[in-house]
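These are the structures in question, set out in turn.
Look at the two complexes coming up: chain A is in both, with chain B in one and chain C in the other.
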Partner chain A sequence: MPNKTFFWFFLPTGLAMILFIGLPIISTGIQSFYAQHDQVVKEVKKCDPFGCTVSIVVDNEETSKIREAKPLGKFNGFGTYTDRNHLAVEEIKKFWNETESFGAFVDQVTNLPFYKALIFTLTYCLFVTPNVLLLGFIIALSLNAVARKIRGPLIFGTILPMIVTPLVGSLVLFWMIDSQGIIGANIQNLMNDPYLSLKSSKTLTWITIIIYGIWHHSPFAFVVFYAALQTVPQEPIEAAIIDGASRIQRIKHIVLPHIYPVVTFVALISLMDNFRVFEPIIGFSAEGSAQSLSWLIYDNLVNEEVILFGSAAATSMMTIIGIAILLAPVLIRTWKEFKTAR
Partner chain B sequence: MDYGLDTKSTRLKTFNTIFIITWLLIACFPFIWTFWGSFKVRADFFSRSDWWYAISAFNTLIETGGQFTTNAYTQAWTEGEFWKASKNTIIVTVFVVSISLFLGTLGAYALSRSTEKYAFWILMAALIFRAMPHITLVSGYLFPFFELQIWGILPTTIVVLVAINQPFTLWLLYSFFKTVPKELDESALIDGCSYFQAFRHIIMPVMWPGVITAGLFSLMLAYNDFTVTALLLNQENHTMVPKIQSYLGTNQHEGNLMWAVSAVVSATAPLFMLVMFFQRQVISGLTAGAVKG
Partner chain C sequence: MRKILVTLLFLLFGTSAFADCNIKSGSINILANDFPALRTFVETSKQCKGSADFKVTHSSEHNKIAVPALTANPSEFSARIAANSSIVPLMNQDLIRPLDDLVKKYGKGIQDSQLITIDGKVMAVAFMANTQHLYYREDVLKDLGIAIPKTYEEVVAASEKIRASGKMQYPYAAAYKAGWNLAEEFVNMFIGHGGEFFKSGSAEPNINNAKGVATLNMLKKLSELSNPDYLTHDSEAIKVEWESGNVALMTLWASRSGTLLDDEGDPNITKATKLTGPATVGGGNIPAATLWWDGFTLAKNRSDADAEATFRSLAHAASNKKMVADAADQAVWLVEGFVPGPKSIGVIEAVKMGAKPYPMLPQMGLMHGALGSEIVEFLQGKESAEQALKDVEAAYISKAKEQGFL
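Right, the complex of A and B next:
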């Protein structure tokens, strides 16, 4: 296709992506260097028969004037990145000098909002992704052994958790697991502990969200693996059976190597999706004990007094860097393949 | 898959059946339970004294005189203004699907027929864009949208959703266009068609399965979106998913929890129907990029 034709064909979609994906990333980058204005204060002298007192109040008129003149806020450089709510450079230095043991230091650092969110996000990715791959593969193998006639409805049932939006999916589970729901109430009876509930324990909340993640993402891995299993050649498997290979040996030495590229694809996609975990935290109302990077950004953006654009943007930029680190191996590999292909 | 020589032991078969039944229970029971519970009153579905009330309908009988009640639905749809939210969802979904298919087919066709290096790099860029968490993009939109005073209205959200959806649509349609032989449009070009005519009259008619798949995924994205719609729309224009969140209240004991339950069922049912009808397309879409490696 000639370059000119390509240009006109690609222009609409290219424009949409540049305007609404490319530019916002730049806009986020710029915003992250600004912080909201401080409130202008003024001294008010108040006199009554017993003498005069000077109090400091917020000058709303001046404040809104400055905000209107410079809506982006004041220039803050890397200030937002290093403040307590983000990388917390000062605090970490202080903790390093003041705490006695390394354990105590780690304890202090993991209580800072950004690191807390980062650790939750990484834990979530680390536990959900491998389990999704494993469960998806087992379901695919298992459904593949069922009679062809009844597979359709079974597949439909299997993919249900995936097609609902995460918010709805987590709500539906939450209503069952909650202390007033069917599972929660029964666990309370079983454990004989009427105060046992999801919200009472941080560990329980994390486990619940991770289980939700596996429940929600496994169907995707299943669908891809199931389709890949249909393309596994029959002859080597029959040869292996004649040679006396067990079922597990056959899966390990024939099926898995055949679908290996698909495994990396699924791992990559689910890693990308898990890194942005956000809706389940709202669905499970778990804000108290589990915060993710995306949730931090959301929290800044729905702030009631002033929307913290700068703070949200700084977290966003660091999230994007995180994504870049995750994607780097794939991009480097593709680049190498592309170079050798030429 | 029948392995011919492969004979399965009865023990393995039983184990397999048990596993599948367990998994299907885990996958489907939450939805069945929510559907069942949406016809009860709150004191039953979220019972503080006995979870069995949700089945025996103890309080539903006292409050409404029947085993089942549709109160939650009628209230959510009228008082809760869920009708407005579903109207907004329909508008957003229809526009997002049609615009993203229009842009996506044009772009993906060009990518699939280009032999230049930049086509490869565009696809890579699209992959990176696909990986961006939506909330980071939203934090980039909010400020400019406030300044331009286009925040809160449906058209803005539609355009944003279309753009967010483009990378995936491009990849999906690209892999479908690749399966259409090049000779088809080349012969049309020799016969004197322009590229656009070849695209319109020769390629599109054989592309319907791919277009339907891509359309379904755009639909699911627009229909299910929470991040963008919750932050870029004002209260008045909220679509279904942010509306459900607004019923939750700040904690469990405020808000109208039963409204949320009935709204969840109302929002999920059409989606399930759709997937039931188009199951084959959904699965072919998910595997289109993957199986070819």
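Right, the complex of A and C next:
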């Protein structure tokens, strides 16, 4: 496609992306450098049906004056980024000096909210992404091999997990693993431990969420792989069969190299999706044991009665940076291939 | 405290006139939590809408919508049914209007004790009271010869006895779901131990002390007697546990007693379900519970005509003797004419015992939020009480600094 045609083709999409993705990110970025003004409080008498007390309220007249002068808030630089609820620079320095062993240091650091969330998010990505790729590929291969007649219904059945709304899917599983649910009760029987609960143990909660993630995301990988498999040329495969190559050898040397770009694509999308893991945490009510970066943002925005825009913005920016870092190796590789191809 | 007793017990003899409902114009849009008493309240006010537009949104997610919806100008809602805690963010952001003029003009039937005044200005009109208190299974306690527990130490002892008897594996329940619910349990227990959340006159946290540790240890003891999934259980979930007969002692909101004692579910369990006041803890004499009021507030960013129409229609409900007589078992109404029934025992006992109201401080929401996430690991046995309290304070301090409270 000539560059000019491409430009006009891409323009509407590009504009929409700048308007609905680019500008909001810039605004979030700016917001993350600001904190609220110092609160002006005053002591007043408060009376309710249970009696009167003297206590403090925010002085709205004073506050609105300050707000009008500087609507964005107090400039905080990287203050929000480095505070305890985010990168916790000072706390980490302190832990490093105070703790005796490296294990104790790691313990202290992973107790900080941001790192706790980061570790869960990374663990989730690390386990879910490869398994999704693998499972999706195996399903695609198997379905490609079954008779055409039953393929349609089978494909439909396979993509069901993707069709089910994430929240509904996780809720169904949540009820099944309840200590009185079908899975939970059976595991208790199996382990002969009436106190075993999938929901109260941190490790088991993580495993549940990861299994759910694999179940939910595999169909996407499957659909893309299945489409790619249809484009594999038959001649080299037939030639390989004649040469006596086994099924595994054929997959390894012909099919995989052919669909390799698609694998990269699925890996990229999958990584991005998994890094933003959020719905299963809500669906499984797993806030106690598993927090992800997206959940932290949500928590700052809605779980408090006071909304923490600065904190949420800072975490959002760091999530974007995190995704960029994760994707960097794949992107660099694609770029290199693109250059050599030219 | 005396005020509420007067309100609750002697209201029969009062006289009042209903607010008149001759509303000519304006539009009314109400945001409220979703439980039976509030639905009754809003329905009653609808009878008095005159020729105004009337809309209502009942949502358990009301806290998440309130501030953004009322910040808009004109605001989406003309009124918000709030409580001690949820009025604070509205006050912090200056989103609600003083009601003095309207009360004077249209609030004939509203009693003085219903008015929430802050700095001399009426900011809300309360109509019901709420608290968390103990529920017990009379049959189970009688069988095992256990007296009705008055303190949380007795609750623990009773639960252990029930477990030892083999009747129930997890005899105790409370809403310990990580987040708001769990933090609320901490708040109750901490107040029961006589704790103050902030150093006097400042927003500096003050929970990492012996009282905080005692609070956490008691929560832990109780959690060990609860269903192992307790960190995922909210009020609704423990209500279900109770109705399935898995629990014999429970701390739950008074406003939920109506659904526990209704005709649905096993009649034997319903019959044996009894209410008592909140328990004390650690030898303290005030209950480990907080008092709550629910009341209505009016949005600032809305025309005066709308505010007037909304006030008149809501005032009709907030002074409606017929409503409180018909729905006497749905809530402990603060409205004139309410005769407390057996389902109001919890709140009345709490008031008699001198329970404190939930602290209405601008920075309390941040403390509540920090508690909800940072004490979980202690309950899971992953860190010490001191460490958990240190974490809560540190998390709170960062948030309070960002919000400009420190």
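The criterion applied here is as follows: the second predicted complex is superposed on the first by the 269 of 342 C-alpha atoms of A that agree within 3 Å, B and C clash if a C-alpha of one lies under 4 Å from a C-alpha of the other, contacts with A are read in each partner's own complex, and residues count from 1 in each chain.
One rule holds in what follows: a residue touches a chain if its C-beta (ideal position, glycine included) is under 8 Å from a C-beta of that chain, and two chains touch if they have at least 3 such contacts.
Remember, it's a predicted structure, so these values are computed and weren't measured experimentally.
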Report task. Would you mind checking which one, chain B or chain C, touches more residues on chain A? Result -> B
Query raised in the report: Which holds for A:17: it touches chain B only (first), chain C only (second), both, or neither?
Result: first
Requested in this report: Report for A:44: first if it touches chain B alone, second if chain C alone, otherwise both or neither.
Outcome: second
Query raised in the report: Between chain B (first) and chain C (second), which does A:307 come into contact with in this model arrangement: first, second, both, or neither?
Result: both
Report task. Once the structures are superposed on A, label A:35 by its partner contacts, choosing first (chain B), second (chain C), both or neither. Result -> second
Requested in this report: Would you check which partner chain A:258 touches, where first means chain B only, second means chain C only, and both and neither mean what they say?
Outcome: neither
Query raised in the report: Is A:151 touching the first partner chain B, the second partner chain C, both, or neither of them?
Result: neither
Requested in this report: In the overlay, answer first, second, both or neither for which of chain B and chain C A:285 touches.
Outcome: both
Report task. Go through the superposed model and pick first if A:56 touches only chain B, second if only chain C, both, or neither. Result -> second
Query raised in the report: Once the shared chain is lined up, is A:178 touching chain B (first), chain C (second), both, or neither of them?
Result: both
Requested in this report: Please identify the positions on chain A that touch both chain B and chain C, taking each partner from its own complex.
Outcome: 178, 285, 302, 307
Requested in this report: Would you tell me which residues of chain C are touching chain A in their complex?
Outcome: 1, 3-4, 7, 63-64, 67, 84-86, 88-89, 91-92, 94, 113-120, 126, 129, 169, 177-180, 182, 227-232, 291, 293, 334, 351, 356-357, 359-366, 368-369, 372-373, 376-377, 380, 382-383, 387, 391, 394-395, 397-399, 401-405
Requested in this report: Within their complex, state which residues of chain B touch chain A.
Outcome: 1, 3-6, 8, 12-13, 16, 19-20, 23-24, 26-28, 30-31, 33-34, 37, 45-48, 50-51, 54, 102-104, 106-107, 109-111, 113-116, 119-120, 122, 124-144, 146-147, 159-160, 162-164, 166-167, 170, 195, 199, 220, 223-227, 231, 241, 244-245, 248, 251-252, 260-261, 264, 267-268, 271-272, 275-276, 279, 282-283, 286-287, 289-291, 293
Query raised in the report: What residues on chain A touch chain C, complex-wise?
Result: 35-39, 41-42, 44-51, 55-58, 60, 63-64, 74, 76, 80, 83-85, 91, 111, 113, 178-179, 194-197, 199-200, 202, 284-289, 291, 299, 302-308, 310-311
Requested in this report: Provide the residue numbers of chain A that touch chain B in the complex, in ascending order.
Outcome: 1, 3, 5-6, 9-10, 12-14, 16-17, 19-28, 31, 71-72, 138-139, 142-146, 152, 154-161, 163-168, 171-173, 175-176, 178, 180-182, 185-186, 215, 219-220, 223-224, 226-232, 234, 237-238, 241-242, 247, 261-262, 265-266, 272, 275-276, 278-279, 282, 285, 293-294, 297-298, 300-302, 307, 309, 312-313, 315-317, 319-320, 323, 326-327, 331, 334, 338
